[in-house]
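Okay, got some structures for you below.
Both complexes below contain chain A, partnered by chain B and then by chain C.
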Partner chain A sequence: MSPALRRRENISGYLFLLPSLVFFVGFVVIPMIMCVVTSFYDANMNLNTPDVFIGFGNYVELWQDPVFIKALVNTFIIVGVSVPFVCAFSLWVASVIYKMREGLLSFFRIVFYLPVVTGSVAVTVVWKWMYNNYYGIFNHLLKGAGIIDSNINWLGDPKYALWCIIIILLTTSVGQPIVLYVSALSNVDQSLVEAAEVDGATNFQVFWRIKWRQIMPTTLYILVITTINSFQCFALIQLLTSGGPNYATETVMYYIYYTAFKLYRFGYGNAMGVILAIFIGLLSALQFRLAKEK
Partner chain B sequence: MKKSKDNGQSVAYRIISFIVLLVLALIFIFPLYWIVTGMFKPPAAINSPTPQWWPQEWTLRNITELFSRRTAPLFGNLSITVPGAVRWMINTVFMAVMAMILTCVTASMAGYALAKKRFFGRTLLFSLIVAAMALPKQVILVPLVREISALGLYDNIWAVIFPTVGWPFGVFLMKQFAEGIPGEMLEAARIDGASELRTFTSVVTPMIKPGIGALAIFTFINSWNDYFMQLIMLTSNSNLTISLGIATMQAENSTDFGLIMAGAALAAVPIIIVFLLFQKYFTKGITMGAVKG
Partner chain C sequence: MKKILSIAIALLMIAGVFACNTGKPADNPDQGNSGDTAKEITLWTYPIGNWGDEATVKTLTDAFTAETGIAVKVEYLTYADGDDKVNTALTGKAGPDLIMEGPERLVANWGANGYMVNIADMFDATDKSEINAAALSACFADDKTAYEYPLVMTAHCMGINLNAFKEAGADQYINTDTHTWTTEQFTNAVKALYAKYGDTVGAVFCNGQGGDQGTRALVNNLYGGTFTNAEHTAYTWDDAKNIQALKALYDLEGIAYDASIVGGDEIANFYNGIFKMAFCWNIAQQQNPNSAGTGAGKTANGDEIVFMAFPSQDGKAQLQGGIWGFGIVNNNDNARIEAAKKFIKFMADSEHTADAVRASNFFAARSAVEGKALDVWSSDPIMAEYTKLMPMLGDYYQVTKGWAAARTAWWNMLQKVGASDGSEAAISAAVAEYCTQANDGAK
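So, the complex of A and B:
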């Protein structure tokens, strides 16, 4: 490359990037840095009162905060249940539908994507009605089937509330993984599959030995996005239970919102954000490791 | 003939799995069905322990109720007032369209530069973008609120538009599409004496059109449904989005499920129609964004 051309490439490259960089740096990178910095301060919403540096004060307090611990445990329950379930469920659905005619395939893909597109608020309010103690269909159906004797206050009972949230979360989480798995399965190298079949491999063997290996990158991607999504479960909690009853559905994301925007403890909220990011990062790294070893 | 093995996967398994799939499909459609039918049920049918699977008596009461609450100015601080729901709809469409346009323009330019330009610091910048994508988006929203307040944008619709544009997924997606542009075409344009901008608009843009389509629909839907960001950035009645407005109504009239279903339908049906119209692009965007993810 001639120096003149190199200069032109440099300048034009940066000019094309500039508009995007302004937004990326301004609204993603700076808040990211601020999140870490503010977590070492006693800071509030008011811009006129100066923040007070307290070192690891917020972090120390976090581990002595029973609500935070409870939120962390609940978050891990949500992640632990939803991630494997979403992966297995969407792989199964995808494996059933990916060979179907185009029309039928689109139909199922759309149906399982619907709860995502419907939006968290619309989805949540209708589930709230379905879970309702007096007018909800669940109590009606379960009583009709003789499974329960009297109405259960699903969202108001600490025994059930978290599971009710997880069920809704699952229906809004499988859409994207199904789309991804369908595309991955139809891209599996057909010659390998045929060769194995000629050699007399069973369907089961073909799946585990060939297909499963080839869709591994997709599985990994799905694991990571589902983990991130489950960690950030928020709208459901805020609209259905506000973390209650008795912190039974408190999650880290909801507690961050609560401390930052209801108690106006910005530094404390950011410290939780940092912890959350670390957990997500560790979990993603672990998933990459496991996938590589296999 | 080669299919014989496939059919060996017993017919019974196939039939059973198809039935299970249909049942699941019904379950997934049901909430939407319940919203749309609930919207037309009178309070007596809604507040009854025995649900009506199909409305026995149809009413527009919920819809008129929805459009009689919380009046707001039609636009800005105009003296013409409209029902809150109308204003929220205008805000939401404005927000989603602006986020979509800005994202598509900035991301396609940046994606092209990252894929095709050999400039200093390119690899480093791209790694930074990928790393940012792996972080939980909502974690940055708390500090973002303070930044937005400092910029004087708090409780302003632009406060939810700008951060959406900054999210690097679009740049990543457009880079994937721009990789496919043959270098010879760019070379030819340069030899013909086309300016950089001209090369971009008349050579690059037509080639990455499917990508722009995918990103446009993706951004539109995500921005429409990004409840958390809207919740923390917008407060006053005339600045709410439709999701926020419905959430507020829900908090005020938590037992009037008919009214709330009408609101939920207003928030969900338009975006579902948009999704159905453009779902091919959408599916493409999801899969392309994951290829090297």
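So, the complex of A and C:
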């Protein structure tokens, strides 16, 4: 290809990229840079006091802030519970349903995908009603079955609140992985499966030696996406508990929002955002590396 | 070449960001130089009675437009996310021309942070003599700086289910004529209700800040505690009287510290008959309980609701005031500012003020308009009865510095008290921790 033709093609390519690039730069890259820059300032909402450059002051303060530490621990609990559960559960469901006839398969896909497409506010309202301290269905059923004597304040008791949030998160997180796994399992090379079976491989060996390896890219994608979603758990907290009781459900995402929009400490909130991004990046990189080794 | 270009663009972007970040003006910006009045202004209003209802507000703004030729675009905010919207708009220099809210936001927050126009020139001697002194004072940041023009005010109170009280024999502890009771009577009433119903009859709600004026007033009144000092420079809720009140509430069977609900949930539970008393109540709720439109002063099943002052040792409560009015956002455009001032004058200081007040379901913040007595509610028996509470209005301390952080500290403190073992030491420690946090925010 001549240099002139190559240049013309390059220009065409960049022109096609341009609209997306403008939005990507405007709404992702520049805010990211602003976030990093602002995190080095004692920035607030007050027009009468200029922002002061404080270097790593916000970052130092973060590690002395017990609420941030609590939020970080809660976030890791959410990630630690939800990521393995979502992967294992969705793989199990997908491996059960992917061989079903088309109508039944679609039915299950719809059932599991419904909470994903339903608005988070609507989902939260229903769960809030079910968890209600005074007339919620969980208390009604448990009391009716004689399991509890008095109502449990599910969202108002530090012992239960975080687990209640995790349960809702799980129901809204498994839909997409199930659909992806169904698709990935359907695309496994059947000739390899049949050859292994002819050679006397057990079901477990077929799964572990052939299917698992072939669906590894899907697993990696699900791991990364679920990890990021779990790290960014926010709407449920805001709508249900505001991080309480006693910070039992405080997550880093919610604490960022609270610090920036309630206390107007923009610099401090941005510093938290940077730390969160670093953690997500590190964990995602680790997942990529492990999957690559496999 | 490509690499050099990429690096140059990246450096340019970073430089731009630094430039943006440090571009905060040190002083209040100049208020523009256009001389005429704008032909259109925007108003953002919180749901202050029917000022959150589009049809009602349209009637008022249409009247304004007809008289002045200035169109008004209205956006309706909620208390759930209204602050976030306003903060984002103000910091992004995309704020409205007018905001309708109270001094805790207009004066102590957005005004103090330099986003509002000083409208002290709108208050002449006649206005100052006609506007309620407490409301007037709350609208001024200092002698020469006002960020709000008050329209309406009320006293927040509590509501009780009279039918439930009668069934439990607790009605003997309330005075339905004066709407007052003592701490001892309140305690006895809760005991009687709990004996009758065997469940939570009232909740110290603390899921968030929604309706926290109720829990603050309850705790402060029980044994005469205070929330701030008289100068509004420090938070004082760590005094022994408040700790005594928090412990008394903790120990009182039938009252629960509930970290799963806010004021709105409490009202809904009260309206639906689950609670027998509500600490988040006012005249707007009395007129239209739970905003359900099922009749004034009635619960969902028709039980009678009686509004009550908060209980105190001597029966003389210090009620929390609610003041609402208009503030002008500094958009550096004199024409828009002038139009906004005309709007305020029309709504809060003219013959149309009675209609604007009526729309709120609250009481006028002034007794007269330009010398002519303001009669809004004389024909409404519920409003007339509610005026008995107005002399009990206490200190309007919501303008204390660091108010947003203090509110958060308050409900977090209640959560910690509720989750504690109820010992005086645990409650004192929780109170001290969060009161210190609030005072740190006030520095």
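In this text, the second predicted complex is superposed on the first by the 285 of 294 C-alpha atoms of A that agree within 3 Å, B and C clash if a C-alpha of one lies under 4 Å from a C-alpha of the other, contacts with A are read in each partner's own complex, and residues count from 1 in each chain.
Just so it is clear, contacts are C-beta pairs under 8 Å (C-beta built on N, C-alpha and C of every residue); 3 or more make two chains touch, one makes a residue touch a chain.
Predicted model, so just to flag it, every value in this text is computed and none were measured.
**Student:** After superposition on the shared chain, which partner residues are touched by A:Ala88: those of chain B (first), chain C (second), both, or neither?
**Tutor:** After superposition on chain A, A:Ala88 lies in contact with neither partner.
**Student:** Could you tell me if A:Ile30 is touching chain B, chain C, both of them or neither one (first, second, both, neither)?
**Tutor:** It touches chain B and chain C both.
**Student:** Could you let me know whether more residues of chain A are touched by chain B or by chain C?
**Tutor:** So, of the two partners, B touches more residues of chain A.
**Student:** Looking at the overlay, what does A:Leu290 touch: chain B (first), chain C (second), both, or neither?
**Tutor:** neither
**Student:** Could you say whether A:Asn48 touches chain B, chain C, both of them, or neither, answering first, second, both or neither?
**Tutor:** A:Asn48 contacts chain C only, not chain B.
**Student:** Is A:Leu155 contacted by the first partner chain B, the second partner chain C, both or neither?
**Tutor:** second
**Student:** Scan A:Ile278 for contacts with chain B and chain C and give back first, second, both or neither.
**Tutor:** neither
**Student:** After the superposition on A, what does A:Gly244 contact: first (chain B), second (chain C), both or neither?
**Tutor:** second
**Student:** Using the touch definition from the top, say if A:Ala195 reaches chain B (first), chain C (second), both or neither.
**Tutor:** So A:Ala195 meets neither chain B nor chain C here.
**Student:** Once chain A of both complexes is superposed, is A:Tyr264 in touch with chain B (first), chain C (second), both, or neither?
**Tutor:** After superposing on A, A:Tyr264 lies in contact with chain C but is clear of chain B.
**Student:** Do chain B and chain C land on any of the same chain A residues, and which?
**Tutor:** 25, 29-30, 34, 38, 45, 47, 132, 134-135, 261.
**Student:** In the complex of these two chains, what residues of chain A are touching chain C?
**Tutor:** Residues of chain A touching chain C: 25, 29-30, 33-34, 37-38, 41, 43, 45-51, 131-135, 153-158, 241-242, 244-247, 258, 261-264.
**Student:** Tell me, which parts of chain C touch chain A in their complex?
**Tutor:** Result: residues 13-14, 17-18, 20-22, 24-29, 83-84, 87-88, 90-91, 112-115, 200, 206-208, 258-261, 269, 274, 404-405, 408, 411-412, 415-416, 418-419, 441 of chain C touch chain A.
**Student:** Can you list the chain A residues touching chain B in their complex?
**Tutor:** Per the stated touch rule, the residues are 1, 6, 8-10, 12-17, 19-21, 23-32, 34-35, 38, 45, 47, 93, 96-97, 106, 108-115, 117-123, 125-130, 132, 134-135, 137, 139-140, 171, 176, 179-180, 183, 194, 197, 203, 218, 221, 224, 228, 231-232, 234-235, 238-239, 253, 256-257, 260-261, 266, 269-270, 273-274, 276-277, 280-281, 284.
**Student:** Flag every residue of chain B that touches chain A in the complex, lowest number first.
**Tutor:** 2, 5-6, 8-9, 17-18, 21, 24-25, 27-29, 31-32, 34-35, 38, 46-51, 102, 105-107, 109-110, 112-114, 117-120, 122, 125, 128-129, 132, 134-147, 149-150, 162-163, 165-168, 171, 196, 200, 221, 224-225, 227-228, 231-232, 243-244, 246-247, 250, 257, 260-261, 263-265, 267-268, 271-272, 275-276, 279, 283, 286-287, 290, 293
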